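The same subunit A turns up in both complexes below, where it pairs with subunit B and then with subunit C.
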Partner chain A sequence: MTIFRMEFHKIVSKKYVWIFAIVIATFYAITLSGSSSSSSRFYRKALQPVFDEVNAAAYDPAISSYIVEKQFNVTVEEIKPLLSPEIEKTIESYKGQTYQRMWEKVKDYVVNLVIRIDERKATIAKLEASPNTPLNRYLLNKYTNMPKIQANMTKWDSWIDTNKSVLPIVIAFVILLGTSGVFSDEYTSKMHGILLTCKKGRKEVFWAKLSASALFSAICALIFQLLNAIIAALYYGVPFTNTPLNSLTLFYQMPTTLSAMELYILEILGSVVGAVVLSFVTLCISSICHSNFLSFFISGIYFAIGFILSNALEANFEQGGYISRLLTLPGDVSTFSLMSLVNVLGNGKVFATANFAIPTVLLTIVVQAVVFVIAIALTFYFYNRREVIA
Partner chain B sequence: MKLETHNLTKNYGEKCAVDNVNLEFEQGIYGLLGPNGAGKTTLIKMIVGILPPTKGTVTLDDTLISKLDEKYRDLLGYMPQDIGYYRTFTAKQFLEYIALLKGLEPKEAEKKIDTLLDMVGLSDAKGKRLGQFSGGMIRRVGIAQALLNDPKILVLDEPTAGLDPKERIHFRNILSELSLDRIVILSTHIVSDVESIAGKVILLRLGKVITFDTNENLLHSMEGKVWDATVTHQELDRLKTQFTIGNAFQKDSGFEVRIVSDVKPTENATPAEPSLEDVFIYHFGGLDYDNI
Partner chain C sequence: MKRRSNFANLVTVELRALLLDKWTLMLMAAYTLFTSAIFFNESFRNSRVQLIGHNLFITVTNHYLPLFLILMVLVVISPVFAADKKDGVVDLVDTCRNGKVRWRLSKVAAALLYGIAIVLVGFLIAFLMSVLSRTPLNPDSIAFETNKPALMLTNAQFFVFSFFMIVFCTCFLVLFTLFISSRTSDLLIPLAGIAMFVGIEFAIFSFGRPYFLWNLNIFRLFVPWYLLFDSLPPFGPAIRTLIIILSVLIIFSVVLTFLTLHADRKLVKVTNVKKEESKI
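Presenting the complex of A and B:
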């Protein structure tokens, strides 16, 4: 037995944490199941084998200039002869309406891709003609170095989007339940008088509580991410290939060079690290609260403020959702944003002044690192200095 | 080993709970005696380092206890007045946990825990959850946990509160059996707790130390001030208005009363052997003092 194990035991032996976790997980699975449509799944899946052909078509100068010429208004009949015979071979086996719908889909994929490639070129041209500001230089660099856009056929949208809001909230909720009492429970049970007079009751207990909470939060985040992946795999299917982020509807105008899989992995990482930061903030609040409930409540407000700022102030500025402004910055650097990352990292958000332009996510990391350190320092101070009052 | 408080003071807002207390502890048992609200708990919390004083310091061998930090806590055994515990832990688990916090080796802890459980008479209940323990049993667990590290400075805040008379005697025996190479500070509002075991007594009143002396000296100082008398009901009423009355027993011949007074209170009063209780009554009066 070690102090660390005891502290971990104190957290996980709370039955209500597990009851809530299971209820929330079930609820989460149900919400997610309602959001997938089986017909779009069918077409995506059926067309998977011609993914390369669709991409090749859009990048074929003859085909793309034809589509641009026709101002993106082409029919299946017009475009069919230009495309690879592989596509016809794949679709051939489907009869009647399905066959027709399938060709419509292929046409849409190709045309949409041509539109995007075209828009990308226009954006770059516009940026080249714009004043040489740090922001424009930053954007130009991003847009010119982006990997080639691909047809949006991979289902990565749905996977990435699960981390946007519901999942971080679910994880945060369980973390708050588990860790809001870590210190306040000692005060409520009046144990801290004994703890603080034991040889190892100060530093060692403090670090044990911190590491136990960190472990608990990381495990929570990982379990829910795993659960999320299982549910997503069941409802959306596993993406059959990696793809650049800008291929996805959600992110295609965003100045990011990441791939979908990179973002997804970073989301999971952010989820775990953010969970740990959130738990440390909760510990800090717990160390000044005499009641578990109060500590839960205040920590909840802390998280909610980040969530609200990050979502409500996501203003529709004309330049797209990738510019961090003073108004959105508090939300962008919040613990919630680290736990979600869809907004800040997926959108490739950038913060620019007259002198520099940097990816907002760097600010998020720096701010959260500061929060992390301050939370630890304050918790240590409050726990050790707390007056043991009858 | 010398534990000292220097001008130790604690204010709660306007209220001064502990007022400029200077004490010196060396080996031996010290009874910290005072009625409820005298400031015993506040003083003790400052001595064990869990309550920052408003003013003043506590030192061990001339070093601030905050500076000694872990070294000081290693010497310390503390039983709070309002003892904390985890309801879901068994007595054994709880003691194992505290032993861990006190840095005992697991083997050593195992032996010590068994001895202590035996000593406080909880061997049979060691597997029971603390949530099911009676108040008296919790106190006994509290005493056991304080003794785990064989502390050189043992501080017990009202350890006998809530114990029944048998448990109280048992507790006194435990204390008197402890080896004497340590400082024991024992706070109580019950005179009989310290009467037979404390070598020195500190009387605390409204946060101030009113006397700090050996048991003998205190008793000695009362010589000639303690009287026994047998009086009628009317006489008793009259005496009550003039003198401090201790116990009064109704007998066939009238009331047999103990009177604490500098002068002979009545004609038939006879000088009596002073007890610590008389000292207490002398300083605090006899009326608002509940003699359990």
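Presenting the complex of A and C:
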């Protein structure tokens, strides 16, 4: 326990890690501050009380068939008499331009929801008429079991989007800074040789270093997730209710049955687990390199490759963004994807062959578990090998 | 005369070490491979490369070359001073004939020459690939003519403009890296510091906010075609933006050079005080 405490203290006592963390956190807060317009926040908040009425209107057969008949091209005046009086009562308290804009917003919410419901029905009909392949069966199962789509008024879009790319990079940067020197600093100071003269050798130190790094990474991920939640709550507001993921613009038409809250919680979990895996990969590289400079650079490249592959090959629904191909698979199973989860889990990505179709997120977990085990084994091997040579 | 040749010799030795660094060679090889894939592999080009200004040479030099340049500066320039401090070489320099100031100056000069050299090689490789793959450079047509730029340049003029902007920006990054490197003996700090600076600049450039920092962004020079278009006041029109960015970077570069060359002033002062004390 004492060795573990010492190792953990060695990591957290590096002043520059915290200086970099503070600078990067400040920048993150500044960047996020300009990302939401005050008008959209105002309308969402003002229309929050009529959320159920808007959803009910889109699912009303009379209203939806009228909108479909008009080919989704309806005016406020046309739709107004069909809507619940509760909506009118809420909007009446606003005057002038705001009043008109409010009605436009309500109309847009209802029409967009009708479009989504209609597209979902069309997708199901298309899949039922398609050949009985594993991929089609998988997609049909997802679309038919999908929860009812709701109007996109909940702010979950912004909350989930924050975890998509910038936050995993920020977390990874601090973890790389903290853990890249764990073994290489020991080599530089010749401590690894001195430890051979000690009674317990280096076995306990090895496990203490591993667990201290894992704890540091997990704490880092949690601190930044907490910071992110505070900033998001300040800038976007707290979502007033849970909503199916399919209601969000970010996951338009994607085959996912999760709710926004489920994905957000899984994102936090993925972020912590991914952070631990990344720290172990960094430790592995650190156990090979004599310099923390080199281990930081190589670990950074390892993480950056996953980030670039995952983002460069991202596609929307029409481009088949829910299908993992051999080209996109390296990015989909990367440590970055585990830390983000928006791409693989949020988009409901699936890897399909002629015989089977499996959710890509399972592949991501399996591959990262393998990376985790290999990283520990290699670190152990390189550390002990050095011991024998010494 | 002899002293000058000594200095030139110092610069040459430092420059050779930087140019023949394994990371320079590896990254240059990776850039060559990537460039050849863009110029020679049509399917890769069509599926993965977004053409800028209907010109492949502009696309490569304005979009992909900066990434390789940044990586080279990060990994090759970061240890220039920090590694010497870590190894204790700094303490030996005072005992040498050239002294610390000339030693520092030679390192700064070599690093700046290295910055110019890698940009030049990057442009030459792209040019060579254009010629070998018979991709037209269209030197006489107007760059970005369809987008109606505020600064009308022919492609040939734009190539020269791009080269100087990228050289300028690379030199600024080199000086910033040297400054951090001269202040620490830990190799990780200049690398992480510059990586963070570039990352923050890139995020501001991508998100377009805060607008004031977007206009004064280093990526405006690394991706010079943006400079052909007007910005909003007070930064617009385009020529004013150019003058503002260049002026700000020149001021910063001068300050950074001064601070880098005088990095060990405190140490000297402390030593002098100790000497005085011992005399007393």
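Quick note on the criterion: the second predicted complex is superposed on the first by the 376 of 390 C-alpha atoms of A that agree within 3 Å, B and C clash if a C-alpha of one lies under 4 Å from a C-alpha of the other, contacts with A are read in each partner's own complex, and residues count from 1 in each chain.
Going forward, contacts are C-beta pairs under 8 Å (C-beta built on N, C-alpha and C of every residue); 3 or more make two chains touch, one makes a residue touch a chain.
Just so it is clear, the structure is predicted and the values come from calculations on it, not from any experiment.
In the superposition on chain A, contact is made by A:F297 with subunit C only, not with subunit B.
Of the two partner chains placed by superposition, only subunit B is touched by A:M6; subunit C is not. When the two structures are aligned on the shared chain, A:T197 is found in touch with subunit B, with no touch to subunit C. When the shared chain is aligned, no partner comes close enough to touch A:V344: not subunit B, not subunit C. In the superposed model, A:I169 makes contact with subunit C only, not with subunit B. Counted by residues of subunit A touched, the larger count belongs to B, out of subunit B and subunit C. Looking at the shared chain after the overlay, A:V114 reaches neither subunit B nor subunit C. Applying the stated contact rule after C-alpha superposition, one finds that A:Y16 touches subunit C and leaves subunit B untouched. In the overlay built on the shared chain, the residue A:S180 is in contact with subunit C alone; subunit B does not reach it.
In the superposition on chain A, no residue of subunit A contacts both subunit B and subunit C.
Put simply, subunit C touches subunit A in their complex at residues 48, 74-75, 78-79, 186-189, 191-193, 195-196, 199-200, 203-204, 207, 209-210. Looking at the complex, you find that subunit A touches subunit B at residues 1-3, 6, 10, 13, 186, 189-205, 385, 387-390. Within the complex formed with subunit C, the residues of subunit A that make contact are 16, 20, 23-24, 27, 30-31, 34-35, 166, 169, 173, 176-177, 180-181, 291-293, 296-297, 300, 312. The touching residues of subunit B, when paired with subunit A in their complex, are 41, 45, 48-52, 69-70, 73-74, 76, 78, 80-88, 96-98, 100-103, 106, 145, 149.
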